[in-house]
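The same chain A turns up in both complexes below, where it pairs with chain B and then with chain C.
Let's turn to the complex of A and B:
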């Protein structure tokens, strides 16, 4: 049973940072930036390349996260701001195109083989009957820390206040003297950094390949929508719900119903689970599970 | 009189040249792409065979040569190459490809064109469906699956969980394994066909774990296998024995730490008569075998040459008839080669192997 909790937590932490980033960008820019899932893979690849070049893991991760932040700001200035001037759906399709281009760049530079960090291999620990590796524990810790820092930033700092003000009413925020363009740039950078960190965490637990970003897209998108797009901390809850659905669907034994010992749904159906949840939510609560309608005035 | 002599010489010369005839056969192998290492190894095997044949008098009094085409590991490229070899180069015999998914369409085309096709690497039982003069020099997975089942039983397994790729190869070998294993009184508690190309197989492994087997049996391609082995280790599943079908393929890309102690089987690529060949290979290429597949390519070329000489013709039908005759019992470097009614190799020797100190060793 505790293994189930561990599995849900690990999967949720795969999705969480990227989903929070996506939601944060949406709250200010008013379009879901699909390229964010690719920023995650980009962060992981950069960190691996830097580690191979001789930097220790922690500095190479930090440098990779910062580089991705800069790339995101540049892309935003050069492409997304202009597309947004046309319309938010144009910007969204544009971000899809950008993520395809990024995929192609990975293929040319890194190749189709999966890449890993050079990490010490340790035997799994046993905690309350569940098995978990040190890297997995570490990844849960980093995720929790990153979310906490982001929450403090959002609710306790001036930048956070500017962000929330701009998100609630752009014009009014402008009128009160907030530099909304600067605020938006900050959010773009922060969300890209979160996504890159998310990608590095996923890779720390396993590996990254050119498909990683696109594979994450659907569950991350579901988590962000479930949490209420534009409500960054709602995405945390969204990620947990999606992770639960995915883990549950492959862990339920249908054997007793069918008169056999063990019958499981193929694991490839897990993403279908997240899609079903997404559709149900959109029907039942179109604005997501964790959004208070008052905020939307 | 003088003129008569000239005619006689001319006729004799013509007859002689008609008799001493160079023969060209074709090969399609993956010289680039995911299986390029194995493809290069196949090329080496064929090159060694060619040298040996031509030193020992060639075929039909002339020389044998091979036109090699790259499949790039893609079926469309391989089919284009097959069309070129058949229509432009007019080869009577074709050798190749590597993966079953490519050998099957190429084989269908070669059968349509009524040429002889020698399969030297593809082990899916679906190749049986190819009609015409299609011969497999390598044992198919009904044989290897049964061998693995017997081996697992011999090593004390009673209840196993099986994981294999969800394709013609994986389904074929998993079915063959399960059939034989149940026959021998064992229980297959869980059997999972995984989707290729995923970044994680954790969920599949956890499903397998629920069946509480006393041995895990698996087969997977290099990179996917690396992920499976790592995640099995992380989930603590490696406390139970792991049995790898085609262990060199399964462990090629895995970190030695994850696979230490694994047991399994693989093709015995050097038969009782293969020692000279192995020595020749080492001398020519300054190193050990690149993969397990060179010997089969070598045997295929040797058998083709023998068949051409026996038939005294480069006509595909005559070669096929001679090949069937030779294939009743042929002593190849990969062991004894004998074909069944469907032209598939009957007995394929296998090795029982294990991973000790990070290396494949005999068990």
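Let's turn to the complex of A and C:
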């Protein structure tokens, strides 16, 4: 049972930071930036490249996260702001196109083979009967720390108050002296940094390839919608629900039902869980599980 | 304090909504802009606030040209407080957070003092200081919006239809609050209103717009007594 909890927590970790970033961007920019899933892969690839160039893991990860933040701000200024001036659906389709272009760039520069960090392989720890590696523990810790810092930023700092004010009422924020363009730029940068960190965390536990961004898109999008697009901390809950559904699908033994000892669904079916939850959410709770107008950021 | 000279403005590629407006509003005075729907009142206020860029003409504040400044720049550099007609509070934030957002450019030492003074002035808000703004009534939201603008010690206060959607009792309270602000703060208040009679009673001067032009202007008391004004905008004989 505790293994199930650990598996859910680890999968939620994979999705959480990117989903929070997507939701935060939506709350201010009013479009779901699909390219965020690719920023996750970009962060991982950059960190690997920097590590191979001789930088230790932590500095290479920090530099990679910052580079992705800068790239996201540039893309926002050059492309997404202009697309948004036309309409939010234009910006969303544009972000899908940007996502495809980034994927093609990965293919040209890095190639189709998966890439990994150069990390020492350690024996898994046993916690209450569950197996968990040191890198997995580290990824849980980093995710929890990043979410806590983001929550403090959102509710305890001037920038956070400006972010929430701009998300609630852009015109009024402007009339209150908030430079809403600067605030939006800050959110774009922070969201991209969160996504890049998310990508690095995923890769710490396995590998990254040119499909990673696209594979993440559906579950991340589902988590963000489930939490209520525009409610970044709701996306944390959304990620946990999606992770639970995916883990259930792949961990449940259907053998006794089918009169056999062991029958498990293939891991590829995990995505179907995200799909089903996305469809059900859109039908019954289109504004998300946790959202009300009052809670919207 | 505010000078508008020959301002022409419109939206997108559309025709001009303002056809060269001239207006002056001095410190310590309440100036009201009146007129029927679609005459350009709100567009003029948005031009002055910095939400709409004029196609021609000048807007000056305390003698400085501010025509091309954005709204947030005018708040910071020229002490402009703007209270929109609708959506005038941050509904997902508490009453305290709403007011304190306006205090970002006030010295830290002064913020708490001004905050408490405003709550004393508006007891309806004091009782609900920790509630979400979305839980307030229309009148309380209008007072909250005024408090948010006032905590920044504005030199110019722009009000877009402050009585819109309020009950007669609440409308009276809001106009009284505006009148008190002029007496206490001595600032320039420029207000767009539909309730001509109530607005003129607390105003010093007024401008009446019609189809993007100034149709009438003068002292509020003179306009209240003007037969043409009465028949067009005050519904016949004004009550006394």
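In this text, the second predicted complex is superposed on the first by the 292 of 297 C-alpha atoms of A that agree within 3 Å, B and C clash if a C-alpha of one lies under 4 Å from a C-alpha of the other, contacts with A are read in each partner's own complex, and residues count from 1 in each chain.
We take it that a residue touches a chain if its C-beta (ideal position, glycine included) is under 8 Å from a C-beta of that chain, and two chains touch if they have at least 3 such contacts.
Keep in mind that what you see is a predicted model, and the values were worked out from it rather than measured.
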item	value
Which superposed partner A:53 touches (first chain B, second chain C, both, neither)	neither
Which of chain B and chain C A:266 touches, first, second, both or neither	first
Touching partner for A:164 - first (chain B), second (chain C), both, neither	second
Touching partner for A:7 - first (chain B), second (chain C), both, neither	first
When both partners are placed on the shared chain, which of chain B and chain C touches more of chain A	B
Touching partner for A:85 - first (chain B), second (chain C), both, neither	neither
First (chain B), second (chain C), both or neither touched by A:283	neither
Touched partner set for A:177, first chain B, second chain C, both or neither	second
Intersection of the chain A residues that touch chain B with those that touch chain C	none
Touch list for chain A against partner chain B, complex	3, 7, 113-114, 121, 123-124, 126, 131, 133, 136, 206-209, 211-212, 215, 247, 250-251, 253, 261-262, 264, 266-268, 270
Contact footprint of chain A on chain C as seen in their complex	49, 51, 70-72, 75-76, 82-84, 87-93, 97, 100-102, 104-105, 132, 134, 148, 152
Residues of chain B defined as touching chain A within the complex	189-190, 192-195, 197-204, 206-207, 210-211, 223, 226-227, 230-231, 233-236, 255, 257-258
In the complex with chain C, residue positions of chain A that touch it	158, 161, 164-165, 167-169, 171-180, 293-297
